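A short worksheet on the structure shown next.
Labels for the chains are A, B, C, D and E, by order of writing; each one numbers its residues from 1.
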Amino acid sequence: MDQLSQPLDHKKKNNQKKAPSIWRDAFHRFLKNKYAILGLVILIFMLLFSFIGPYFSPYMDAKIDVSNGNQPPSRDHWLGTDNLGRDVLLRLMLAGRISLTVGIAATLIIILIGGALGSIAGYYGGWLDVIIMRLADIIYAMPGLPILIMLGAIMSDLKIPPPQRIYYVMFILGFISWVGLARLVRSQILSLKEQEFMLATEVLGLRDSKKIIKHLFPNVLPTVIVSATLGVAGAILSESALSFLGLGVIPPTPSWGYMLSAANNMIDFTKRPWLWIPPGVAIMLTVVAINFIGDALRDAFDPRQKI
Amino acid sequence: MARNLVEFRNLKTYFYTEEGVVKAVNDVSFSIREGETVCVVGESGCGKSVTALSLMRLIQSPPGKIEGGEIIFDGRDILKLSEAEMRRIRGNEIGMIFQEPMTSLNPVLTIGDQLMEPLMVHKLMTKKEAWNKAIELIKQVGIPRAEQIMTSYPHELSGGMRQRIMIAIALSCDPKLLIADEPTTALDVTIQAQILDLLKKIKQERNMALMLITHDLGIVAEMADYVIVMYAGKVIEEAPVKELFKNPKHPYTRGLLKAKPIIGQRQERLYTIPGQVPNPIGLGNYCYFSDRCEYAMDICRQKMPQLTADKSGHKAACWLYEGE
Amino acid sequence: MTQFIIRRLLQSIPTLIGASIIIFLIFALAPGDYVTSQLQNPKMTEERAAQLRSLYGLDKPLPERYISWANGVLKGDLGDSLMFKKPVIQVINDFIWNSFILGVAIMFFEWLIASIVGIYSAVRQYSVFDTIATLLVFILYSLPSFFLGLVMLKVFAVDLKWFPLGGMITTASNYTGWVHIVDVAKHMVLPVATLTLISVGGLSRYFRANMLEVIKQDYIRTARAKGLKERTVIFKHALRNALLPLITLFTLELPSLFAGAMITERIFNWPGIGKVVLEGIYIRDYPLFLGYTMLITVLTILANILADVLYGVADPRVRLK
Amino acid sequence: MSEPLIEVKNLKKYFPIRGGVLQRTIGYVKAVDGVTFTINKGETLSLVGESGCGKSTVGRTIIRLYDKTDGEVFYKSIPIHSLKKSELRKLRPKIQLVFQDPFSSLNPRLRVGDAIGEALLDHGLISKNELRDKVIETMEICGLAPYHIDRYPHEFSGGQRQRIGIARALILDPEFIVLDEPVSSLDVSIQAQIINLLMDLQEQKGLTYLFISHDLSVVEHISTRVAVMYLGSIVEMAARDELFAHPLHPYTQALLSAVPIPDPDLKRERIILEGDIPSPANPPKGCKFHTRCPLAKDICREQIPEYKDIGGRHFVACHLV
Amino acid sequence: GKTETQTPQQSQEQKTTPTASVQDSSNWIKAKDTSKIPEASKTRTDTIIIGLYEPKGVFNPLYSETSYDNYVNSAMFDNLLDVDFDGTYIPSLAKSWDIDKDNNTITFHLRDDVKFSDGTPLTSKDVEFSYYILSDPTYDGPIALSSAGIKGFKEYNEGNADKIEGIKIIDDHTIQIQLEKVLGTSLSDLNIPVIPQHYYGKDFAKGKLDGVKALEQQPLGSGPYVFEKFVPGQEVRLVANENYWKGTPKIKHLIYKTTTDETAVQMLQTGETDYETSNISAKKDNVELLENLGFVDYSLLPTNGYGYIAFNHKLPKFQDVRVRKALAYGLNRKAIVDAVYQGLAEVRDVPQSKVSWAYPDEKDIIHYDYNPEKAKQLLDEAGWKLGPDGYRYKDGQKFTIHFLASSPNAVNDALVPMAVENYKDLGIEFVAEPLDFNAIIDKVNKGDFEMYFMAWSLTPEPDPYTIFFSKGSQNRIGYATPKVDELILKGREELDMNKRKEIYHELYKVLNDDLPYIFLYQRNDLNAKNARVVGFQISSFRDFTYSLYQAEILAY
């Protein structure tokens, strides 16, 4: 037994060091990535800008003043005013609250539903796959607009207070858009589950949940992250479409998407760029930030990527 | 005497990991002559594969990096060549058999496709010629049903079959140098013998040099002209094969020879070298084998021994022989 | 395989029935109907509205309406569009091909550009090119399509006069043959450019992410060891392995070839199906809308069968069961 | 002799060969074609044979990684292939397998510490706090330094990966292990260490092994009994000493003669096998070995030799014996 | 005066200013610089291109529902009567008509020189045929002939009668319609487009309109232009009707080209279209844009319609006129209208277009100019008392308004924020809920609403029976006031124009005081055209199609 007992002396030396969990470790790598930091800084800025910023605005309690409408940026109104004379900067900040929440929450829901259902369908195959994927077929083919119109009316009939509807919207957005991600995840899992390391988990008798969550899902993470980044932008932009159907924000509360689409004619486009450039830039910054973070996360979870 | 085909001069290949720098190949120098078989043996993880990969310039970077030294191949410094020049050497002048046959084959391409590729690129064969040649190669490495194998995918083959496919790919363009990283681990002895015979034959016919990385001292004995023994990123001993087996100098080499079970000479327990390979991160300037060495002296723990040759040209890096 | 396809086709029958019922219900439950949309006509009376509803069969109970509609569909009759006053098939046929040629062109350029940009970004991860491509991608991605469309129109049609201001053919032209094709192509440039630019972004990210996964694998090292050209290594060895999610995206996109792009079609005045259907939804032209949706559903289902078949082709380890 | 732990009865495993555009099954690879043996508790049965003869497939089918085509496998009289999934899962820790290809059997995104320890945790065999110590302990036993625990598989050399695979199996404290070439990439010193370890464990805990290897010197050292496979079937099986001393089957004889000896001066007389290597998809009639057998007679070409006990549990399938 | 002298040309090489035989009507603001006319348009010497939001292709005037299809059909078909610049009816196919009050008949005397474009003369038979189509039980077009009250219509439409008793052909060019009761509105109800029986009526029988519908894409009429080609989603091509009874149109080709809000102005700018109607909204922005182009004539015509905010009169809180008035006074309507139309729309206080002959004298009506103090006072009077939280309460009920906002809609975008703010000042909580237009109508129909914004477009006939009469079919707000009912009935039954005028002035005064809606605005329609096309004499009631036959292209 010399070989067995001999190395055990080393043990004491080594186990003081606590196991760096995959998360802590990823976090560590994440922080080393300068893009990640940049992304994080932008995102935090956008959050502060939206949630704290309005308290610094002198126009919080300002009245509508049409005679002061459509003013270009000036010292008083850094980003100009809209057609009702409201301060664009303040509206931009207020809009961020909604847009950021919707964008991020809807995306999380998509990932949760799409990731879970895609994994399950891909992993188990058989009738579960058939049911999930046929359901996905139906949902994917389902026309968005009429559903939304109907939901808008239903919510109205149910007398759900308009300001609360935004929370339902996040679910709805998530619910009708998980299909793409589910398909993506499933396709990759179909291939991954046939690889040898999955046979190895079978030998170990791991629980299915563990096989999926710990072994399969991390391997589809890159795709999921791309989906998520794109999803945030998508949700922010499509929120405005929902707002028109009584599902999104209720005017006068603004959202970025709403501000953008309020300027959708040639005149505002050429004559009043201050109406659409700020929300456009805000969306872009958010998306870029989230992408940087997503990319860094991808790298952080990729053991072969060393920075 | 044949001229040097490859010469490693103070090669250093490091991996930059989070915990620190892994000096996988640490100042390695040796050479391979034309038509010669050099076997590289050594503790698992001592840097044999990395040495070979450095020669191919296929170290993944980051984290790996060739930090210094030169590799002269056929008169050119490999490390200074352009990518395009390197491409003409790879697969054509130097063939390589990778250690892990499963992951080294592309899972979504058929065996035939992967075999025919270098033939069409380097030997400019037509598809049909390449196909025929590939079938011939498959047969040569002893795999039955060659036509079917051509259209199979890697996961449908057994371990040994994949390994032989790798061998076939490496041999396909008649390289001047073949690097074989444990080419026969997954092969049964009859096929192994067949493959070794094949390699010998090709060597003779084409004056191919062979860098053979292996653990099987039986194979070393059978194939090698010259043997390099590595330990923890360094060459610790090198000698012609007969000299090495007859007169192993470094205590590690001696241990290796002792640990090998030999058929018909059963022991109750196999001999093992006590202890562990040291952590390659942050190694100091001393003999890395010192903590496992039964002959260790004080100096071993303080100073790094240099690789020095004795009169017969048998080189070893050990303080035991420093005085000779 | 044949068996698999047959089984999938059989499965698609209940899927289609289910989908049609759900879609029918949703549309029926959406508030208002075609007659409601006519109520803004000040001459409309209650009786007239009731009469119209009964003419259109809107007053019957839902199951009955569904069955009579489904009956028609089985006989290949999708009914008459309410707002066009002609058979739905004819309306769809009038517009869908216009959407289709636009869609095909966009898809072609989108995939071409996305693959090049995405792959190059992956191979040169964190290079200047990658950073710029990333930023550009997201700028384009965060702009709604109408903005890009307006920019395009303003710059290339109004100011520079390089391309026509929307539409699909030169007004009052009677071109045929090659001249006609060139004429249509000219009109396609701006809408195609707009939609391509917008959609390239997302796709290129998928290319990038999946290539990043693959290019570090051992078999890529093997491919390099064979002395293959970098192009072969990347496009043959790496891309093939990154293909699964891309196949998914491709087949997800296929039905949309026929779906039309509502906003772009409107801005560029492209006579596509998207614009028509959008209007149909707003004024509750349910036969048109149901017919169109069923068409898209069928396409979706077919595209997904194709996807599952292609998975097996792209990756032999995927087993169809 | 103790009771049988594993009984394999006429086990068959065929893989379909697909061809054509439609991927139809056009034939079968008879990877394992009727294999029968038993392994008693505390024994090591070694499986040797030509590459591709079906050793790994036997190993994997025994523990039901592959579904069998025919036959049955009993573990302590439990028919493994008839168990429900949940029952099988409970049994898993007791029956382990060390993979032939260590790298591909490791998840590239899992640290080796997690890979080794996760099953313990998942089966509730250990608490989270104790886990790391246990993992380190096992790693050290298998010759891996503790500082390796947080690395990823691609950062290891071939031999180190193989030891990870062994540690992953051993940590579960199994009763039966299929070792598929567990020491092929290890240098002799570590190989010796591992073999000593395996034998120690067998002695202490009565472990049972199915040991698949090409290295006959290792086989000679470790086995209780040895089975020689050729083209999907066992051609000879006997106690170790008996087999090495009196190999009866011509294939066994050829095999033994081909073992390289670590002495450059010694040259041995090898039996060279000539003739076509047959394909498992289309095995030759009669004795499968006849195409390459130096002693083949007419009868060998026509009749399948009976697999019989010629006394002292020495089984052989050859007409000439 | 319907003509105006052309602005003199400055440019030297332009020796003569082209002149037209018929000038544009005076409500056009003429272009300043015709030298800027784009070359692209100058090359089209015999073609006029009119930009239009997408025509659906329903080229049958009895069936077309969208105004875009109507524009196309107007160029190909004629009505019995035309509308004059002031909204009164004037002869067209019918050169005169007799109203017999005692017998309740109206007799149309048709012109005898009218031919369909294929040369067949138009006769009473064709008029009768057109009436029969509209009366058919399976007719599903938009024209509601039932409201005319033709004798025997019901029996034919709902019963088994195979003839309509009230329609009688006197001779080839005289047709008499017997009504249940002749009303002031009857002419308007009986004025229909006429389609040729010999062409559409081949296999017509009661309940069988397939033949008529089948010819949807091959129209044949008596209008100034003849159908040539339809490219769905792109354009409709017409050519001049040589047989047109007012003379062959001067411009040989007429093309309706599909344009959109986004590109309408650009199309004019590049010369791809010559005339734009209804796609360019009447805002200062657009007017400036057009003026800057230099070569564009434009005209702002008050729209025959108005925007309003409706109350649900079934709700107790809105039944109190003081509350309604308070809500009108308390809302800064001018600001809203200005924000949307940039000064090019006016706040209205009665439900009628200013251009209608029925519009009352401004002096006689109350102007609900923004006056929060007055509003507060009215609310106090009505018993809505300010609570400690700043909101008004009555009987423990908080004053909250749920507002349905159809969306997307530019007016609501301005109205909602303003109302929230203004009403908050009054102590009223205003909660808006954007919904799809149809969904709102649906809710309104079910009575499930409090307030909403919408607009009416009106017919030349001012009778508001359907909207404000207590049993009016479009009276979805539950408005019922005996005085209003009485005046409406009186106005309908009166045939004498001057007396009707009196009655309507009275009616609007009552409505102005009673506020069934908060009246909001009357906007303008913006017509714009390339200065090279002239002869368009338009008004709020007469769109450009009336001028098509006389329009001509000037060679600049």
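Going forward, contacts are C-beta pairs under 8 Å (C-beta built on N, C-alpha and C of every residue); 3 or more make two chains touch, one makes a residue touch a chain.
Chain by chain, the UniProt names read as follows: A, C = Peptide/nickel transport system permease protein; B = Peptide/nickel transport system ATP-binding protein; D = Oligopeptide transport system ATP-binding protein.
Just so you know, these numbers come straight off a predicted model, no measurement behind them.
With centres computed as the average of Cα coordinates, no chain lies farther from subunit D than E.
The leading chain pair by number of C-beta pairs in contact is B-D. Our note on geometry: subunit A versus subunit B, Cα centroid distance of 49 Å, whole angstroms.
Centre-to-centre, using mean CA coordinates, subunit A is 23 Å away from subunit C.
Averaging Cα coordinates per chain places subunit B and subunit E 90 Å apart.
Residue positions of subunit D touching 2 or more other chains, listed in rising order: 101, 103-104, 140, 145, 147, 150, 155, 193, 196. Under the contact definition stated at the top, the residues of subunit A that touch 2 or more other chains are 3, 7, 149, 153, 194-196, 261, 264, 266, 302, 304. Within subunit C, the positions touching two or more other chains are listed as 30-31, 146, 150, 153, 216, 218, 315, 317. Residues 44, 47, 49, 54, 56-58, 63, 65-66, 137-138, 140, 142-144, 146-147, 213, 216-217, 231-235, 237, 253, 255, 257-260, 262-263, 266-267, 269-270, 272, 436-439, 441-443, 445, 456-459, 466-467, 473-474 of subunit E touch subunit C in their complex. For subunit B in complex with subunit D, the residues that touch the partner chain are 15, 17, 19, 41-46, 48-49, 99-103, 142-145, 148, 151, 156-161, 163-164, 181-182, 185-194, 196, 215-222, 224, 241-242, 245, 255-257, 259-264, 266-267, 269-273, 276-277, 279, 281. Every residue of subunit A that touches subunit D in the complex is listed here, in rising order: 1, 3-4, 7-8, 10-11, 13-15, 19-20, 22, 25, 195-197, 199-207, 210, 214-215, 218-219, 301-304. The touching residues of subunit C, counted against subunit B in their complex, run 216-219, 221-230, 232, 236-237, 240-241, 243, 314-317. Taken in their complex, subunit A has these residues touching subunit E: 63-64, 66, 69, 83-84, 86, 149, 152-153, 156-157, 161-162, 243-246, 250-252, 261-262, 264-267, 271.
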